[in-house]
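In the two assemblies presented below, subunit A is common to both, partnered first by subunit B and then by subunit C.
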Partner chain A sequence: MTNLSMTVKKNIPYIAISVLILALLAAVPFFSKPYTVVLLKNILMFAALTLSWALFSGPTGYISLATAAFYGVGIYTAAYLGKVLPLPVMVLCGGLASFLLALIIGAITLRLRGIYFAIFTLSSVELIKQVLHWFEITVLGTRGRPVVKISNTTVYYVVLLIVVLLMVTTYFLKRSRYGLAMSSIGSCEDAAAHIGINVTWVKVLTFALSSFFIGLTGATTATGLIYIDSHIAFDLNYSFFPTLMAIFGGIGNVFGPVIGAAVFSYLREILITRFPYAYMIIFGAVMILTILYLPNGIIGLVQTIKDKVLGGKDATASSRKVN
Partner chain B sequence: MLEVKNLNVFYGNVQVLWDVCLRVEEGEIVALVGANGAGKTTLLNAITGLVKPASGSVTFMGQDITGLPPNAVVELGISYFPEGGRLFPDMSILENLEMGAFIKSSWKKRKERLEKVYQIFPLLKERRKQMAKTLSGGERQMLAMGRVLMSDPKLGLFDELSYGMAPKLVKESFKMLQKLRDNGLTILLNEQNVKQSLEIADRAYVLENGRIVSGGSCEELLHSDHVRKAYLGL
Partner chain C sequence: MTKRSVLFLVLAALLAAALIVAGCAEKEKTAEEKTEIVFGAARSYTGPLAIQDQSCFGPVYRLWIDEVNAAGGIYVEEYGKKLPIRLLKYDDTSDMNTMTNLLTKLIVEDQVDFILAPISTAFLKAAAQICNEHNFLLIGAEGGAKELEPLMKELPYFFSLLNYATHQVPPLAEMLAEHNIKTAAIIYIEDQHGLEYKNDLVPALEDAGIEVVFDKAIPMGVKDVSSIIEEAKSKNVQALLCCAYPDENFAVMNQCIASDYNPDVLLFGPGACFEVFYQIYGENSEGVMGWGAWNEKSSDKMKDLAERLIAHQGERNMDWWGMAIYYAGLEALQQAIERAGTLDHEQIRDILATEKFDTVIGELWFENGGVPAECYPGHVGQWQNGIFEVVAPKDKQTNKPIIPKPKWKPVTQEE
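And then the complex of A and B:
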């Protein structure tokens, strides 16, 4: 416990800034235009997805491209249960459904390593999408469903809550014994197994936990979509964006994914309105430049500048950042 | 302490170990020598539960541990030194050591264990904040050995201690190993460096093509014609 209170003490400036930003965000709907709320809601949604992605893929090094699958499950939960259940229960159901699906996908795929895991998770999105599409057309005889509309402000607050939950979870998980087990898997999985970590269990459980949050986010934001079908719900972009945003922001700490998501989704918003036909091209160029010149993302850049200003007296701390 | 009886292991259709029997008594250093591909690592993996044997049994301190998962085996007091040490490169020395005490029973005692390891390898204490990937070969070896000790094991399994080491470091590594034995660790050592391991071990087994072909005191083996011809080039 003393250890914990010490780390909390050391991070007081960060905590203070976070609380301040949180208070500002909570006040936004009271004094700004509806468009700002929607824009911020989208940014927060991407922050939630990116944080969830980084929760698992960051420490373990397994690049998951299944985010769209769990996001879609959340959306479909909202479409089916939105009319019969109150919002909090429905959102929780979305999380749980994704959690269960992740346990299954994880148990099957987490014995694969590296690129094979990425490919399999990506194809799981497509598999679910197509099966669902087939099921709707041939069995139900319909395509897609309407989703109950809930006010943007309410959705905004729920997503904000999810982001806060995710940041707190990430922060404490990272400093726990379980968090050490996760990063030891990323560092050297064989050694992790040898020292007595049940690597399969840790991987599957973390994967499911991360998916739980993705499901929550999907179920919440689906209420702004009005109508969904399998191709809208299981859009592969939702697999790629969180991954790219996390790389863009840096996955070293809690703030990287949030900053990445914020800058990236705002950039997307601007580009999509100004250059509707070329925005993906510009996007791609930005991504390539990031990977070439900012391998540790925006957070890595901040760290480098900080080290230069402070004279790099802590060599061990900066060597950790360089991979 | 450890008894392996009639162990048979297959990889697919290929039989890798044939009726392997082996004993390790408390306080001993037992060497398992043989060429590349003889099945030494497979034998260790079968003991730690990373590979499931088709038949045969592994008994540790009177308890049947055949087929138990690795985490359960570590929990019982068997610690494993994987080939090349396999450190966590992006973690500090301290974190690497703490990870060695990951299992529940030793996690609470990790502070005491840490002191013990620092006492055996004082250099690790000095450098505890340094990243593992910035260490030299000898320091890595110390750290890997220190990590083995963190779970308070009774038996240490060492896979290819001299792997990738300069001759001088090989000698030092074997000295470290004797230091661990003097601190109460029983050791089963897997080595292709036959001469050096026979010099420090009490007993040895020779593994060839998945079969134990001879065993006995190191003195005997060092003088046996087969070992001298096949492994020592004499």
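And then the complex of A and C:
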């Protein structure tokens, strides 16, 4: 029996439950209120961004703040190609555009480490925003573009598909040789290089793969924005939110970013609709408490509760899984 | 994996499923008697656009709702009574994605009766399409632009309210030509707002026999504009027209004072029309122009509105460009509802599109989804003795323009 089939067999309950939840989510538009679809679409969008971020930053430990750049590229791709291409092709183009951009940014920046990498990626958002802004104003003589609107239900299914693809990719990537190479880079990059891993290549490719999914998400959700300009598309919040959501949910597990995005975006929805002037304060407090008391995020808390409920051998194993 | 572990997972999955199903459950609708009209607002109460809610449309709709409720509400014949207004407001955090989601929530989930416009032209563009999809009326507020014109024609439920370059540039050019202005320079913000004004100003000034010495774009948030001001000064430009937002306009104003550059005409976009401009610059605001415009001298009704707005806010926080126009838009909506005798948007829309309304700025009506130039109380204002006087067009003047504007007064430091 291969390692893969053994892993699948071992995790049959997880897979079965995931399929059940997926089936339930797929059925939501048939029996829910129209706004529930919009709300879940938004949650799934953040889940996709957070999973994409965690795909690269989770194992490697490189904190990328370029999510807004790749998300914005996806949005602009939708604005430019939405009228001439069918939705699946347009979405794919958004992903590919972000992939190519990430290859370039990654090749330049991924020799940098720590704070330098984080600052460079953050600056890349502003750089692309300003270049696009300059191009529109001076070359095109206009600013902003309409985006072809597509029904919320269609967008919902496409984003759901992206999330599923991301979860499957993350799961199998983590268990592949490539995933082990990423983890070893995260543990000790110099040691990883010494044992023969082409660290730059692994980092650049993972960075581009993660950006591909961010681009897909941007191109898809752009269709709900109707009108965009460079300031709307390259909003730095879309760099910070996925990072915070991943920390909030827990990075070490494929479900962590999804749970973080779901709880975080639902909490945000509740706060901005009910406490418009206090939500940032409450948000800040929640994040501080999470970092202080839940270093492994919500998924870590769930694991701790599970360990206490189950106790013994199984608990030890599950505790190791989180870490 | 142990049996207990599987049980734990099953319980967790059931909890997740229950949450999804609970979130999806339809609200039970009951045929309750209508007791109020709910206005929904997905506006920016935080973030960079929030300042506009505090100083532009915000004080106006809050006053209007309080006044309508003090009078018992809006009479709707269909219900045979006056219905008070309740405001349901959400913060879009100055984020487009949040605004579009919350607007949809207001319409489809909260089932509000009417929508108050979001802030900015960009947000208005998106909101207009969403509202139109749901056959929901949307009357604009902070945000007016030439680029909205196609939407005004294509989207029957969208009505643009505020005046913009199309209305304001011709009377300005006419006034400048009449006062023998021969040279002008344009500074414009690098976005659609700046481009629109620049693109309208250049041909209008040239047609009026005024040479445009230069037009220069400035980025948002720019702090140092000294080179541009020095160039205007060295070329002895008579009229400096700055089509930017408050932050950039204030930077240009500060630099003009610092460089002791006294053009005959100094005009700013949004910012000069705010009372805070006079509060900041005091005597040095004398003679500075801005788009707008209305004031307490425009009419008795507008004087009364200004007094009510000041009393309601507890401070002289006035926007002498939009506030009277926003209030007039709400009055038009109220009258349209009362004439229709129903809250049905199609019937109210037909009345808004075809009839005239008696409002604080006088008779107001819509043509092709926009307000004709003659309805506005003024297009260009000028600070004169602490009043933002209407100086153009001529038939709306509350005072004659002062051209050339007085020279800068030395700035004295308060002890």
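Here is the rule we use: the second predicted complex is superposed on the first by the 309 of 323 C-alpha atoms of A that agree within 3 Å, B and C clash if a C-alpha of one lies under 4 Å from a C-alpha of the other, contacts with A are read in each partner's own complex, and residues count from 1 in each chain.
The rule is simple: a contact is a pair of C-beta atoms (placed from the backbone, for glycine too) under 8 Å apart; a residue touches a chain by one contact, two chains touch by 3 or more.
Just so it is clear, the model here is predicted, and its values are computed rather than measured.
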Contact breadth on subunit A, by residue count: subunit C or subunit B: C
Which of subunit B and subunit C A:K9 touches, first, second, both or neither: neither
Partner chain in contact with A:P276 - subunit B first, subunit C second, else both or neither: second
Touched partner set for A:L180, first subunit B, second subunit C, both or neither: first
Subunit B residues within the subunit A interface of the complex: 48, 50, 69-71, 73-75, 79-80, 82, 86-92, 95, 98-100, 102-103, 107, 129-131, 134, 147, 151
Subunit C-facing residues of subunit A, complex: 10-11, 13-14, 17, 20-21, 24-25, 28, 31-36, 38-40, 42, 130, 133-134, 137-138, 141-144, 146, 149, 152, 221, 224-229, 232, 235, 237, 272-273, 276-277, 279-280, 302, 306, 309-310, 314, 318
Complex contact set, residues of subunit A against subunit B: 177, 180-181, 183-184, 186-188, 190-198, 316, 319-320, 323
In the complex with subunit A, residue positions of subunit C that touch it: 1-2, 4-6, 8-10, 12-13, 16-17, 20-21, 23-24, 26-27, 45-46, 89-93, 95-98, 100-102, 104-105, 108-109, 122, 125-126, 129-130, 133, 190-192, 195, 217, 219
